[in-house]
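Before anything else, here is the set of structures, which you'll find just below.
Here chain A shows up in two complexes: once beside chain B, once beside chain C.
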Partner chain A sequence: MKILVVCGNGLGSSFMMALTVKKALAELGKEAEVTHTDLTTATAEKADVYIGAGDIVDQLDNGMRKIVRIVNMMSIAEIKSKLEPLF
Partner chain B sequence: MLDVMMNDILGTPAILVGLFAFVGLLIQKKSASTVLSGTLKTIMGFVILGAGAAVLIGSLNHFSKMFDFAFNVQGVIPNNEAIVAAAQTNFGTSTAMIMVFGMVMNLLLARFTPLKYIFLTGHHTLFMACLIAASLSVGGMSGAPLIIVGSILLGICMVVFPAILQPTVRQITGSDDFAVGHFGSIGYYISAKIGKLFGNKAKSTEEIKVPKSLGFLRDTSVAVSLTMSLFFIIVALFAGQSFIETELSGGSNFIVFAIIQAITFAAGVYIILAGVRMLIAEIIPAFKGIADKVVPNTKPALDCPTIFPFAPNAVIIGFLFSFLAGLLSMFALPLIGLKVIVPGLVPHFFTGAAAGVFGNATGGRMGAMAGAFANGIIISFIPAILLIFMGDIGYEGTTFGDSDFGVVGIIIINILKLFGAV
Partner chain C sequence: MLSELLNKDTIQIANEVNNWQDAIRLASLPLLQQHKIEKRYIEAMIHSIEVHGPYAVLTPKVAIPHARPTEGVKELSMSLLSLQNPVQFGPDKPVYLIIVLAAIDDASHLRALVDLTQVLQEPTQIDSIIACQLPEDIVEKIKQYATKERL
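After this line comes the complex of A and B, so read on.
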């Protein structure tokens, strides 16, 4: 499974969130490839799950993509609860 | 041999930063293949940064010529990526050294003072390192003293700015998990103060319905292409068809030329961001890994969009009011004899939005509006004032965008002047 973490610039917040996602996956005992990028690149990149702040990933929602919206990017608990049903 | 060592290896910022990533990856006990690919990618990130700069500066030069011809004043586009990439030729080595040792200073300060913050916004660390290197050099310093003083200053910035924001960040996030590490702090701090003065925090922005249609502006490439197209076309109309087609475009239509140049500018920013992303992807985990081991109980200081999801309406309102202030400032600046700062969507979006979130936390919707407006004025006037002092380093068309860079630069240069170093 490939998880793409997205933010506006693909630099700061998506990067930090990717680290949190990796921690959350480790706690869930799941394996996945986690990368982070900016919104423009994300529209052209294939992934199984797109994860980010609501107003960001809403831009990617075309009805086909699996989208996960996050409020607190540093909360392992929130990310765990939203990722767990996807496995 | 020593000469190759000193000038060509340590004097090449790309290799210097690559070495740091190499050591960082070794400390984390990564596999040989990860160490190799991480080191190579870091060096490549720096090379990509330079390539993007070449693309961007070409377009920026055309813009300056058109603006100059049209209005007979210089228009400056504040863009951190552009100025840092442009400054690599003169300040590349000192920027890289200050960045590396500044991070070490950050660790030491977090370990031994009550300011327990680890600044993890890597691109801002890079930009601030560059600003400090350039300011100290304008102030007359060079060599080892410049690196030592610069690293200490960078380390101080990396803990002090998150610390002044933390009381409001606690209100915004309702927790003390993380801090905001982004060098627009002075704008956010003032926004929170103004929000407290003018607003009522019970009337939050989050109760009003705001159209979500402005969300696409969070996509940097789209936002930059749009504003730059707009500004390029307006300036092209004022500069006139004949000037552009005879002097700049080599005969092709002036409006088509303006649009292509605007998108070229955005493409340059995109390339530079890709380079910066590769660069910090290897360095920051090493930094964080070391921090987790040697300085326990610290808070990570993170990029400003981490607070956006806590008040999405304040994000849009903040951007609009900051940009409005930027547009008004554009007309006010030449009246008091300062250079025209062309408001960029990217600095106004990111810092305006964050200022909106801070203003909302202390003063609700009125606070978000007034605070973000103040931020817009700050990021228009501060870069213009910084240019007075930095003008002679030779990058006339662009400068640093966010508030802290300007304030730190102005303070450094003026203190050095006081000591008679200039």
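After this line comes the complex of A and C, so read on.
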């Protein structure tokens, strides 16, 4: 599975959230490829799951992509609960 | 690493600000005065939130405003403003800590962000930073939290 973490300009928040996603996956005992990028690049990149703040990932929602909306981007618990059903 | 960027010269404590735009302007002031960013970088951060929404509020009580390196960053730097009274970054998005990130490229700031993630993943650590009354105390807390998992 490829998980793409998306933020507005791909520099800060998406990287920090990607670290949190990796910790969440480790706690779940699941493996996935986790990369992070900005919104513009994300529209052209293929992934199984697009994850980020609602404001951001809603702009990627074309009815075809699997979108995961996160409220607290530093919460391992929230990310775990939203990723677990996808495996 | 994080505690080199966030030090007593880049950390401020204030009672309150009028709005989130003023919060970003005040938080950025040390970096502007130290000539690490240009004035246009501050407006770029504000513009980014106006366009994309308050996603800079990474976790409750904390916002990490930033923009692209090309929008007026001269040197990799960070600053922190701690507010005694929160400012609303969006509906139901009260923020006490504003951490300005000024990156010069895609990579050189990542080590500091690994440290910052350690600090922000624990809500009790965020609360104890907000409770600090002196910048020096915030410096100490950050040092302590950022390094604890690497010991």
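Everything that follows uses one rule, which is that the second predicted complex is superposed on the first by the 87 of 87 C-alpha atoms of A that agree within 3 Å, B and C clash if a C-alpha of one lies under 4 Å from a C-alpha of the other, contacts with A are read in each partner's own complex, and residues count from 1 in each chain.
We adopt the following convention: contacts are C-beta pairs under 8 Å (C-beta built on N, C-alpha and C of every residue); 3 or more make two chains touch, one makes a residue touch a chain.
Since the model is a prediction, treat every value here as computed from it, not as a measurement.
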So, A:S75: does it touch chain B (first), chain C (second), both, or neither?
-> both
Of the two partner chains, chain B (first) and chain C (second), which one does A:M16 touch, if any: first, second, both, or neither?
-> both
Does chain B (first) or chain C (second) touch A:V49, or do both, or does neither?
-> neither
Is A:V5 in contact with chain B, with chain C, with both, or with neither (first, second, both, neither)?
-> neither
Applying the touch criterion given at the start, work out whether A:T40 contacts chain B, chain C, both or neither, answering first, second, both or neither.
-> first
Which holds for A:I67: it touches chain B only (first), chain C only (second), both, or neither?
-> neither
Dual-contact residues of chain A, meaning touching chain B and chain C, are 7-13, 15-17, 19, 39, 53, 55-56, 72-75
Would you pull the chain C residues touching chain A in the complex into a rising list?
-> 48, 51-56, 58-60, 62, 64, 66-69, 101, 103, 106, 109-110, 113-114, 116-117, 120-121
Residues of chain A touching chain B in their complex?
-> 7-13, 15-17, 19, 37-40, 53-56, 58-59, 70-75
In the complex, chain B touches chain A at residues 120-124, 173, 175, 177-178, 182, 212, 215-216, 218-222, 270, 273, 276-277, 280-281, 284-285, 288, 300, 302-306, 308-310, 312, 315, 349-350
Listed in rising order, chain A residues that touch chain C in their complex are 7-13, 15-17, 19-20, 23, 39, 52-53, 55-56, 72-76
